[in-house]
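Naming follows writing order (A, B, C and D), and every chain is counted from residue 1.
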Amino acid sequence: MRIDLNADAGESFGPWTLGADEALCEIVTSISLACGFHAGDPVVLRGTLQLARRAGVSVGAHPSYPDRQGFGRRVMQLSPRELEAMVLYQVAAVAGMSRAEGLRLRHVKPHGALFHLVMRDDEAADVFVRAVRSCDPDLCLVGHGGSALARAGQRAALRFVSEAYMDRTYEADGSLTSRADAGALITDPLQAAAQALDITMRGCVRTRDGSRELPVAAETLCVHGDTPGAPAIARAVREALERAGVLVAPF
Amino acid sequence: MRIDLNADAGESFGPWTLGADEALCEIVTSISLACGFHAGDPVVLRGTLQLARRAGVSVGAHPSYPDRQGFGRRVMQLSPRELEAMVLYQVAAVAGMSRAEGLRLRHVKPHGALFHLVMRDDEAADVFVRAVRSCDPDLCLVGHGGSALARAGQRAALRFVSEAYMDRTYEADGSLTSRADAGALITDPLQAAAQALDITMRGCVRTRDGSRELPVAAETLCVHGDTPGAPAIARAVREALERAGVLVAPF
Amino acid sequence: MRIDLNADAGESFGPWTLGADEALCEIVTSISLACGFHAGDPVVLRGTLQLARRAGVSVGAHPSYPDRQGFGRRVMQLSPRELEAMVLYQVAAVAGMSRAEGLRLRHVKPHGALFHLVMRDDEAADVFVRAVRSCDPDLCLVGHGGSALARAGQRAALRFVSEAYMDRTYEADGSLTSRADAGALITDPLQAAAQALDITMRGCVRTRDGSRELPVAAETLCVHGDTPGAPAIARAVREALERAGVLVAPF
Amino acid sequence: MRIDLNADAGESFGPWTLGADEALCEIVTSISLACGFHAGDPVVLRGTLQLARRAGVSVGAHPSYPDRQGFGRRVMQLSPRELEAMVLYQVAAVAGMSRAEGLRLRHVKPHGALFHLVMRDDEAADVFVRAVRSCDPDLCLVGHGGSALARAGQRAALRFVSEAYMDRTYEADGSLTSRADAGALITDPLQAAAQALDITMRGCVRTRDGSRELPVAAETLCVHGDTPGAPAIARAVREALERAGVLVAPF
């Protein structure tokens, strides 16, 4: 059995620091780098790529709507032409900077409101995938299994990597508990480790209210860089998985 | 005899249009594309690359300080670390988007205040060249012959392409007439054509006051996209050169 | 009979010019100034205020979503707290700069996608009005008669000024013809003048297909600064109105 | 004897937090608010004004070069026209938002590289003062005693408030120790309190190397919001001053 652990990274900007990139790079096996549209800037991006290289972590791009003030979490209505060009620009910038650091960009995972759009909207997902593919047809896509993005990736013959969460709870309908609700975040490392083991070894997750088990297939488990105690959570998850004999390695 | 004609391009932004990219792409043989820091955005950049592909024009990146409001023409004191990361980001973005359109990025020419910095400052020129080289060691540098950038390019074994102007006058010390002075711009197509012939065929240029001839070596002649009547100037220059038997083609 | 003529103004940005502010300020009686979020910058804003002062034109603020690249025309989902603070900031900046030029800010008219939001959404309109009112309770609101903004203004005891268009056609349901459809823009000065006379003197407008007359009440008629030939349209409208004995003056 | 204690505030941006505004507002008597150009945004600005109102703290504007990524600390060459318009816009925005919260803007203190410019350059200081004055001639200016800004304020009949630092050391020539040098920051609350007492009660400060006492006149003492332990430093300073019988109150 094998799983990848991923974290968002490079979400600082100018004088402002966010996340625990250095600590997380010692624990996870993949990171998704902010591309400068919702967070990150060239200096931050380069520093984070250098961290990744030293830690031997696999790197991906985390493109977003162009909205720093809203951290890419506000819905914006872009035309397909705008969306495609923006994704292309961001992936190209991070891919090229990765190459300059001797790394190969491995995956693309949409961020924030754009993530939610391409999980459910087939047309937008096709646009997104077209942009990624035109940058590099060997890139993997990361998102929810069974999503619009997964289908679009299949149509375009791009590898799709399904993701589940170690630090978020699930509702009975399979969706994540809304961040607006209590209990949406898992901040207890032991609870996160238990959920990670369930997903990885048994392909299921217990719902937030404990009433049901849902089937969840995942090749990578995400910890959000801004979840309080993210490094402790990721460490507990990794240790539990390795103790159980799971190989923790990039997809 | 052979010469390249180049123009800056892709300097529109969002709702705002600047330059005559479509007309110029029919006349010049190379364009330098704004990368989104002083001008351009992903939609503009992509559209301009598609223009270039249809017209068979060679493409380069035109990186700048991060200053849209000042169009990259205001001096900004960046640290070497900031400068390197910013040039890297911009060149990577344009190189990747070029590749996605089936084009190969061929050159890098700094813009505005950054251009003036790397023409005269050896340390900044080394930083600039390091960024370009780490993106792609086959890229050419474009700038004034004999400049700090030319020396830095030589140290790093990057091809340097020297540029002269068809639409700007020269002072007796070899510098361009300041844009603040009358007569700095050549807007008469015949005068531009005469200067282009002098530079290309005789390796010299007559100074603004007509008093002297200066030696000028150039492999490419620039027309600024925002010079009034730029397409007419470029057309007159091209026709005069071809009539004189000069091969007008990318460097 | 009396009517105000208004135009959007100050929509240039840095090196990029948009609109015909100087010509329009000689014709219209009110302008709505971009505040720096979708267009405009401090230099442009100040220059446009100076134009307005010299021309004796009444000034208003034209706040927007924070989206230069999309010119404020892309829907963005802001929280009420974000919306209120952003409108407040923009109106405060323009009001203070107006005062510094010896002018009194007279009205606020939302721009682009924000305009459409507060025309139809009562909650957003209340937020918008609260922001305007906390800046200055003597400010007027400008928008469609009968809109959510008109109702919100009434609840907050702010004067509401209803607007109709000299350069846009109307559909049978009273809405404007979508910019995506042919015939949405009126670019013939005579047609614009005829529509302006209908609205001002008879309180009605003929629909695009000519089939019906709709009742339209307006205290101000708008010409969009980016409509081709905007100054010629505004001049024809003004002359026709004055010839018909209508007083053209600020509301 | 009487002194004001001031801190920079409102330097968070979007998702990024900086400084300890809430804690500092309980201790200091004046704050200088980022205006959205180097830090701050409308939501942050409004929240900080509400903090200030609840804490009874006097408010000022802290205008900057337009450079978020560089936090306003990078030199930029603006023309006088650009500088004046930018200061005007920022002060107008913060003054208007203050008024909307029931507060009166009391002072303006330039930030970062702009601060250093107007401390030494008389022409730039005149431009700065003209912008401030045209917003509100009752505003105070804050800066170093004897600086170009102090002289420009005097010429324009604006009150100038001289500032010294509780958290920075001084060199023998009266300048602050460069942030690049060890010992530039005072992070020991007791050392800060001793320096604050020296400045306030004896009008002098001991140089970093302890060799000399320099005369320093100050009506306000600054603590930087990003100095480690800023609230503890400010509290120790305030307690020491009050114990010594100094009235700590806004200028």
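As a convention for this text, contacts are C-beta pairs under 8 Å (C-beta built on N, C-alpha and C of every residue); 3 or more make two chains touch, one makes a residue touch a chain.
Everything quoted here is computed from the prediction, not taken from an experiment.
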Superposition of chain A upon chain B: rotation angle, C-alpha, nearest 5 degrees: 180
Type of chain A:chain C copy interface by residue overlap (half), same or different: same
Approximate Å spacing (C-alpha centroids) for the pair chain A, chain D: 41
Averaged-CA centre spacing for the pair chain C and chain A, given as whole angstrom: 43
Overlap residues in chain C, where contacts from two or more other chains coincide: 41, 69-70, 82
Touch-based graph of the chains, sorted into line, ring, star, complete or other: complete
Chain D-facing residues of chain B, complex: 66-67, 69-70, 74-78, 82, 113
Sites on chain C touched by chain D in the complex: 36, 41-43, 45-46, 81-82, 84-86, 88-97, 99-101, 131, 134-135
Of chain C, residues touching chain B in the complex: 12-18, 39, 41, 68-71, 226
